[in-house]
Every structure is written in C-alpha cells, then in structure tokens.
Amino acid sequence: MERAAPSPGLLQPGQREIELDVRTQDVEINMGPQHPSTHGVLRVLIRADGEIVTAAQSHLGYLHRCAEKIGENVDWLQYLPYTDRYDYLAAMNNNLGYSLAVEKLLGIEVPPRGQYLRTLIVELNRIASHLIAFGTYGLDIGAFTPFFYAFRERELLLDIFEKICGARLTYSFIRPGGVFNDAPPGWLQHVEDFCRQFEKKWPEYWDLLVENKIFIERTANVGIIPRDLAIAWGCTGPMLRGSGVDWDLRRDQPYLVYDRLEFKVITGVGYRGTVGDCFDRNYVRMLEMVESLKMVRQCLDQMPEGEVSHPDVGLIIRPAPGEAYVGIENPRGELGHYVVSDGSKIARRVRVRAPSFCNLSLVEHIMPGTMLADAVAIIGATDIVIGETDR
Amino acid sequence: MLTDPVTAAAPAPPQGNLWTDLMHGVFPDGMPWWMVAVLGAAVAFAAVMLFVTVIAMFSIWLERKVAGHIQVRLGPMRVGGWHGWAQSVADGVKLLLKEDVVVTGADRLLFKLAPALVLGTALAMFVALPFAPGLQIADVDLGVFFLISISSITTIGVIMAGWGSNNKWSVYGAMREAAQVASYEIPLGLSLMPPVIYYGSLSLRTATDMQAGWLGLHWYVFDPLHFWIAIPSFVLFFVAALAETKRAPFDLAESESELVAGFHTEYSGIRFSFFFLEEYAAMFVMSAVGAALWFGGWNFPGVTQMPEGALRDFLCVVVFTVKSMLLVFVMMWVRWTLPRIRIDQVMTLGYKYLTPLSLILVFAAAVLEYFLALAPSVLP
Amino acid sequence: MGALSQKFEDNVLTTKVDWLLNWARLSSIWPMTFGLACCAIEMMAVGGPRFDIDRFGAGAFRATPRQADLMIVAGTVNFKMGERVKRLYDQMPNPKYVIAMGACATGGGPYYKFGYTVMKGVDRIVPVDVYVAGCPPRPEALLEGLMLLQQKIRRQKVVRVPKVAEIPSTPSIA
Amino acid sequence: MPALQRDTGWGPMQAYFEAARAAHAALSQAGFPVELHQPNLPVFAAEGEAKELAAAHKEGKHLWRGDAYVQLADRGRIVGLCRFLRDQLAYQQIIDVTAVDHAAEDKELWGMYAFLSLTTKLRLSVKTMIPKDDCRIDSIVPVYPGANWHERETAEFYGITYTGHPDPRHMLLPDDWVGNPLRKDYKFPEEYHGISCV
C-alpha cells in the first residue's frame, strides 16, 4: 500500500508523437477561477490531448479568507460567525463542529432539548446542502432544470431556518453551550409540513435526473475512486461512502443524539456502474436526503421539553486550557475543529479540517485519462465548497 | 450582403409566384427578366430578413418563457408590459449598442466573417420553405437536398469563429461542432429519404401538395400505410436535427458547463447576436422541414379546401408557422429537460445507432413503395 | 454608437433616442456567472424560482465576460482573486456595470481587520455602480440593487452631451 | 425528562483516552521515544472550576482538559511512526496535519498529526516539536498520500519545510507572498501589488 503521490507533471511542456507521423500537441487549458462548473473559484489547470485529459492540477486560494488567523485573534464566541462562512452551504454543521469542540474544553453538556434541536436542524441543513449539490451537479452535466427544482425546496428549508434564527444562510444558531433560542411556536409543525412536502418531491428528482439515461451514461463508470485510494487520500463523507466504505461518524462515533436515532448509512453499491464512480457519489447524496428526513421525523417525535442552552455559558467564554479535536459528519465529510486553549478568552489556535479540502486533493489524480466533460462531472461529484477548501 | 444563389441561377420562373405577380402589377408592360430577378431577390431578401428576425426574437422570448415555466418560475415579466413581450427587442437593441470586441491575436478576417456566414446560411435556408401555395420564394427542385447542404455551411462558420477567436475553449467548441455535424449529416440525410421515396420528389412543394386532403390522414405521419415508417424516420430526423442545430442534448459546441460558451466565447455585441439569431433561425428551418415532410406543411383541415386567394395564403402561412413553432417548442422542451451527452457518446449514437437505423428505414420505405406500386388496385 | 455618442444637444428627438437606448440597456442586463463565496448562493437564489431575476430581463447568466453587462461581485475578493476580477472586468465590453454584493465586496466585511489576504472592498480595483449591503444580502436586496442600477442607467445620456458637473438631482415623482 | 444516556454530546471521550493509551503502549514497545499526555481535569467541569484553574495557574500547575495525545520526542522518526500506525495499529486515514505556534517568543512549533482508524473506530493525535530555527520535518506523504495538501498548507502558513514532499508549491497564498501568516510574530502586510491592505 506504499502509494507515493504521483506528481501532476504539468510543469514541463511536452509533445508526443503518435503513429503515422502525426504530431500532436497537448493543449493546456486553464479552467477557472471563473468558470461555470468549478463551483466557485477553484482553478484547475488541465492538460488535454484533444478531449482526453492527460494531467490536471488544482490551484486553490482564490477565496482564502484567513479564517484560522482570525480564530487566533477574536473571542471564542466572536469566531462563531466565521464558521458560518467557510462552508456556507452547511453553516449549521460548522457551527455545531466548532461549538462541540469548545464545549469539550468547557466540559459542559447541553440539555437534551438543545441536543435534539441541534440534531434536527443539522439534518435539515444537510438536506439543504445536498439539494444544492444535486442541483449544481445537474447543471454540470448540462441539465438546467433540476437546479431550479432544488432551489424551490431549499427555499422552504430556508424559511424554516429563518423562522428560528432570522438568517437565511449564515445562522450562528448553534453556539457553545446550546442553541441561540428555543423553537418559536409552530416551528416544529412547520418542519413537519416540510417533511411531508419534501417526501412527495424527492421521487421527482430521482426520476428527473438520477434515472435519466443520459445522466447515467455521463456519470456511471466515470471518475472511479477505488476503496483503498479513497481511504489513503483521506476522503470522507459521501466521497468515501460512494467508494463503498461503510463509515459514518454519526453512527461510528456518535455525537449529539445520533445514537438514539435509527438510520441507515448509505454506501455506493455500483447501482448503475462501478462502485466508486461519480454516479455512486451522487446516489449516496440523494439517498442521504431520505435518511436525513427520517432522522428529522424521529427528532420531532422524541423532542423533549426543557432548556435549550447550558445556563453557565455567557458571551465571554474561558475554556479550560487544553486542546480538543472534534470531527463531525458534515454534508461533505468529516469537518474537524481542532482548538487549542490557554484558558484565556481568545483561542491559541483554531484549526479547521475541511472535508472539501481533503476530498479535492484526490480529484486531480483521478482526472487523467478521462474526457474533458468527465473532468467537469468529477469536480461536480466531489461537491466542494471553495469557501471551505480555502477557508 | 446576401444574394440568393438559387433565385439568381433560375432567372425566369416558369409560373408566376407572388413576387413576380406583384412586379407585373406594377409594370404591366413587363420588365426585363433580369430586373425581375434582381428586384425579386431583393424583396425576398428583405422579407426573409424581417421574417427571420421576428421569428428568432419570438423564439428567444418563447425560450425564456418556456424555460421559466419548466423551471417553476415565470421568466421575463416586466419588459414591455405583458409577460415581458419586448424582452427580445430590448436584448437586440442592447446587443447592437454593446462594444464590439475583437480579441488580440484573433484572426480578424475569420473572426468577422464567421457571424455573417452563419447568419447568411440561415437566411438562405428560408428560400426553399413552402409557406403557402402562393408564397414560396423559390420552389427548388432539390428542396430537401438544398436545405441539408446549405445547413452544413453553418458548421464552416462555426469553425471559423472557433479558430479565429484565439481561444482554446472556442477551438474545442469548433472541433466538437465539426465532428458532430460531420457524423450527423448522414442520419439526417438518410432520415429524409423515406418521405422523399414516398413523395417521389425532393421538392418540398410537391411533398406538401401530396399531403393535401381532408383531416390529417394524408399527412405522412398519419398515413395508414406509411405511419410505421414515418414515425421512426421523423424521430430520427428530429434527433439528427437537434444535433445539426447544436441544441441540447447535443449542444456540445457551446456547452456552457464545460467550454464556458464554446465557439462564441469571445464574441460580444452584434456579432454574438448573429449567432443567437442563427441558432433560432436554424431551429425554425429544421422544424419547418419536419412540418413540411411529415406533418402536412400548410395543410390543415379546412384551410386546404379554401378557394385560392390571399386569405388562404395567409392562413396557410399561419398553419405552417404554427406547426413549425410547435416543433421548435419541443426542441426547447427537450433542452430544458435532458442533460448533455458527452462527445464520444454523441459519436456512438450517431454512427452506431442512428445511421444503421436510418439505412434500415430507407430500405423499408423502398420495399414498401415497390410493393405498393405493384398492387395499386387492391389498396386505397 | 461610437460616432454618435454624446454629440447632440437635448431636444425631443435625442431625448427619445436616449430613452430608447437606455430602456434597452436597463431591460436586458445580463449578469456574469461569477460567484465567489457565500453571496454566490444568494445570487443563485435570486435566479431561482422564488425570486427569479429573469422577470426583470436579467436572468440570462452568461458564463463568458464578453457577453455580460453586469458583474455581480458576490463574495469576498482576496488579492489572488483580485487580479482575476480586474481582468474579467476588462474583458467585458462597454457599457458594463458592477454590483458589489455583500459586506466583503463592499469593504472587506468581517475580514476587514484580520484578513491579511482579503481586499478591503472590490472598489479598489474596479469601479462599482451599486453597493448592496448585507452579509450575505437577502435576495430581495440584490433585486433592489438591480433596480437601483436600472434607475442609474435610466438617467444616462447616450447620444446627448452630458452636462459637466451636473448636480445630482433627486428623482422626482412625476 | 431523563438526562442523555451517554456521557457527552461531542462523541465518545473514553474511546479516545484508551486509544491514546493503547497506541502509547504499542509505540513504546516498538522502540519509539513517545510519551503519553492525558488531561488532568475531569471530563465535565465541576462547580467553581474557574477558581480552581486560577489558583493552579498561580502555583504554576498545569491543569488541562481535552484530548489525550501521544508526543514523539524525536521528530526524525515521524515517518516510521506513521508507517507503524498505519500497518500495525490500523490507523488507515490521516485526518489532519497541522502545526500550532503558541507564542512569538516560543522556540518550538507543535507539529500535529491526527489519525483515524476505520476498523477500530479510534482516533489518535500525535504531536512532535519542531524548533523554529531548524524548521524542517520529514514529509509523511509516502505513507499517507492524503497528507499532501495538508503539509503544503502548513508549510506555507508556518514556514515548515517538509523534506521529501513531492509538490512543495504554495497552496493557498499567492506564489509571491511574503511571510508565514499563522506564526504569532507575523506582521500584516501594508500593501500587495500596489493595493493597500488597510
């Protein structure tokens, strides 16, 4: 399993001769940072022999926003809004990861209702994030309409979030010690209504995109990531599960109340092609939406009464000295927060282990040999958020 | 800019059509034949230009509305008032006013010539369309052949645009277009053969005339003896036409998610609007060919049986345009529903499936005609 | 329009021509698909079913700057990206407009103090027509930004001579 | 409503402690110079813990909470340690490679490595000291290819040279960026390419 990292090899310009004295020259294409299908400002330098990609190299940093430096300069609680902004599609999950890490140093436990509310809203946010992944993946493949359908349902979710915390995208709702506030009256009913609506819509997506013959042709057997490669490169989340690895932090290292919920861990099974292809990654996301919906329902059923926050946590937090790493299952994979405290009100170090960053590092190595259109499909199936890869 | 080669080559049409009749009305003593030809060509050009612009603008507006409604939104609503009807006008005027960028390092001649060539071919195709019994600019004997051969010239324009732009994305788009059109010419041409065999003529006028009759039963697709060939051949034609007009799922030449904007990445303003117009004009032409060969052209129950005259001609134009626009609508519907195919899959589909299928259909159509010719008395 | 631009005095004809040209420009503002960060998601939501920027004729998102009229700088611009933003702006043909969407594009936003790579406002490299506040702005805010831009275009003089040092007047109700 | 069944809301704490203990035992048996660090505060804060912390701080006692970790005394053996962890202790995944700079006047950086085992479901943190005046450590990319980008990122942020790294380019910062931003003594730039930073 000694797998040395293959060098991308874009650095020397090269020509190669093929038979019949036809001299071909590879084309170097610069894809991004402004390109419709790089999901933000990723830049991929592709060397292509006609339509075939022979080498690829990712360039990051076009959205580097110094989140980790800011973490060392602002208060523990002041940092919370920055967590919203590095993975803006799943801001609740980021709030949660950071809050859990801080709570680990604080040594406090959130009251049961707070934990249930957190689980509920994190799963809702996972649905919202996967909806975007689904919609934009359709866009990458060339189908425009799924994107709009996904946004229609996402707006319903954003209404729910807005009702509980007032923001559409950057919530800062889950914070060290609990959540910002209790659910307003009628909110849980609202969530239930959404579940009923979404249940009806989900099969439409499945039929519209996932079972579409052209979609299957475009994604099945494309960008295959074998199991051991995915593990060795530190892939997590749907990227890892799409390769058939049965690993989900929610089940295997349960946090919040996940050990009280029943759900299935979805893994890629090669439904239309080989295990670990782009189709499987999308398939995992699609089915995870259903699982998340199930979890939301269970949270609604089990929702206890009581406080939502720990009473001792104020605006100025002084965690005990020490260091804590907490990894949670973000929609994109394992989102880790490694915080180091010296007992003061400002952190020594806030390290974010961003799942997209790790997942993306593999992408340039599976691209060679595919076609140009597949390169787009592979990037899309990785479901990256550039705010998170660059932080 | 454009002189119609066909009209110029056929100087004195044997029967008077609308334009020559008009000219004779103005000059009762008759004009020299060349003046008739030149003036006729000029009027025809103006008419085609106007018609194409109107149709293309309407199609663009329709596309945005169709896309909007398929995507559970509304599409243009404000510009001009009712459902944004003036949206295309605003777009057109704005594109006229935009700065016309010619890229550094571009092949200036090709870069500037390409949009004109592309739009010119689109206009030329309208010449052979039979809008009404008295309204066809030129009844070309080789009508179908003329159309498909002219439509491939568009590809040359696209390649010129792609090459001249000094942009890698554009070159990719152009090369994809070249490969795609070269491979889909064959199924496109072959899928037109069954109706041609049925009508025994390449002329669209003859084809339309042969589909006259009560109800739609004389239309090729509904013909009781031929529908089993007509329907598959129409489907083949439609798929090939989608590829020929660069429409989704075959819009590889400008595939937005891969090639930014493909061959017209570097085009702005008026030149870009030429490509835009051409796309919709070509869609209309392809749909019109489909309507003329399979769906009875201008024939419609009630309209066909009317006495000849201006009213009938007008209604025929309406019928023909509506039929074509319905097919254009189907093209839009397809575009906003399906994902895009990859280039190798496009080739596979073209060479391995569409070409053999169309050959089989041609063969079947020929056999059928042979037997029908043998037994004319027993069959209706 | 090069030969005719800003050559004529105000009169009925030129006023009407200007009105028409401005109407065309403001009715068909094609934005560039140019999402940078969080705000890009709200920009996508503006194109989405609920807000539907296409109602205003501004829904034709073009991927290439050559065909775009409007650059919505939706998100944080850092120095590495700033060069690209500048280049994209230069690639757009005139007339072109820029909306700085959100706090980061307006002035650095939450990254103002400690964001060592963050550009403190995109107006340091490209001229901005409309600033939209918010972090991220709600889609309605971006729509209002678009309408403000439309108002701005409506007052432009295309073929008429612009008055030098014109005092900006408050738009009257009539 | 009863309290939650489990001890924490942030994941299985005890499993981490045991993982660190087991890994420490196995590593020392294999001859690696490692020591085990375990927190000396209880998992949950008691009443009046703040006072206790303040008192301990005055006395110079180091009370701390959080994850247990294994510290490697000789940073030259990090590659061997990683290979041991991967092959013998089934830590298949590298989760994170990073560094910590505690204060500008410190002589050393912490090099942090986080591992995850998919089979035993355990996590392990390994720490090693990297002196600032000889800021280099061997790259673990030959063992864990997933560490590639993490090392590139840490290298540019902290100025650590990962010797043997296959692709030592800048990761996030522009190629001509000066300075290592996450060092505590980092001075924020005044301008970049003529664009003012303030």
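Letters A, B, C and D name the chains as they come in the text, with residue numbers starting at 1 for each one.
Methods note: contacts are C-beta pairs under 8 Å (C-beta built on N, C-alpha and C of every residue); 3 or more make two chains touch, one makes a residue touch a chain.
Computed from a predicted model, the values in this text were never measured in an experiment.
Participant: Trace the shortest chain of touching neighbours from subunit B to subunit C and give its length in steps.
Facilitator: Tracing touching chains, the least step count from subunit B to subunit C comes to 1.
Participant: Chains in contact with subunit A and with subunit B: which ones?
Facilitator: In this structure, the chains that contact subunit B and also subunit A are C.
Participant: Greatest Cα-centroid separation from subunit B: which chain?
Facilitator: It is D.
Participant: If you tally contacting C-beta pairs, which pair wins, A-C or C-D?
Facilitator: More contacting C-beta pairs are found at A-C.
Participant: Averaging over Cα atoms per chain, report the distance between subunit B and subunit D in Å.
Facilitator: The computed centroid separation for subunit B versus subunit D comes out at 66 Å.
Participant: I'd like to verify one number: the distance from the centre of subunit A to the centre of subunit C, where each centre is the average of its C-alpha atoms, in whole angstrom.
Facilitator: 31
Participant: Report, in whole Å, the distance between the mean C-alpha point of subunit C and the mean C-alpha point of subunit D.
Facilitator: Centre-to-centre distance between subunit C and subunit D: 46 Å.
Participant: Need the CA-centroid distance for the pair subunit A / subunit D, whole Å please.
Facilitator: 23
Participant: If you look at subunit A, which of its residues touch at least two other chains?
Facilitator: Residues 35-36, 61, 64, 66, 69, 147-148, 152 of subunit A each touch two or more of the other chains.
Participant: In subunit D, what residues contact two or more other chains?
Facilitator: As it turns out, subunit D has residues touching two or more other chains at 173-174, 181, 186.
Participant: Touching at least two other chains at once: which residues of subunit C meet that condition?
Facilitator: Residues 48-49, 63, 80, 114, 116-117 of subunit C touch two or more partner chains.
Participant: According to the definition of touch, which chains form touching pairs?
Facilitator: Touch list across chains, by label: A-B, A-C, A-D, B-C, C-D.
Participant: In the complex of these two chains, what residues of subunit A are touching subunit D?
Facilitator: 1-5, 7-8, 60-61, 64, 66, 68-69, 72, 100-101, 103-110, 112-113, 115, 231-236, 245, 247, 249, 252-257, 259-260, 304-306, 318-327, 334, 336, 338, 340-343, 348-349, 351, 353, 357-358, 360-362, 390-391
Participant: Given the complex with subunit A, which residues does subunit D contribute to the contact?
Facilitator: On the subunit D side, the touching residues are 1-6, 8-13, 15, 39, 41-45, 49-50, 53, 57, 62-67, 69, 86, 92-96, 98, 100-102, 112, 114, 116, 118, 121, 123, 125, 141-150, 153, 157, 166-167, 170-174, 181-182, 184, 186.
Participant: In their shared complex, at which residues does subunit C touch subunit A?
Facilitator: 32-38, 40-42, 44-45, 48-50, 63, 65, 75-76, 78, 80-81, 84, 88, 110-111, 113-118, 135-136, 138
Participant: Which of the residues in subunit A come into contact with subunit B in the complex?
Facilitator: Contacts found on subunit A: 27, 29, 35-37, 51, 138-145, 147-149, 152, 208-209, 212, 214-215, 217-218, 371-374, 376.
Participant: Taking the touch rule as given, give the residues of subunit C at its contact with subunit B in the complex, in rising order.
Facilitator: The touching residues are 1, 20-21, 23-25, 27-28, 48-49, 52, 54-57, 59-60, 62-64, 66-67, 69, 91, 93-95, 158.
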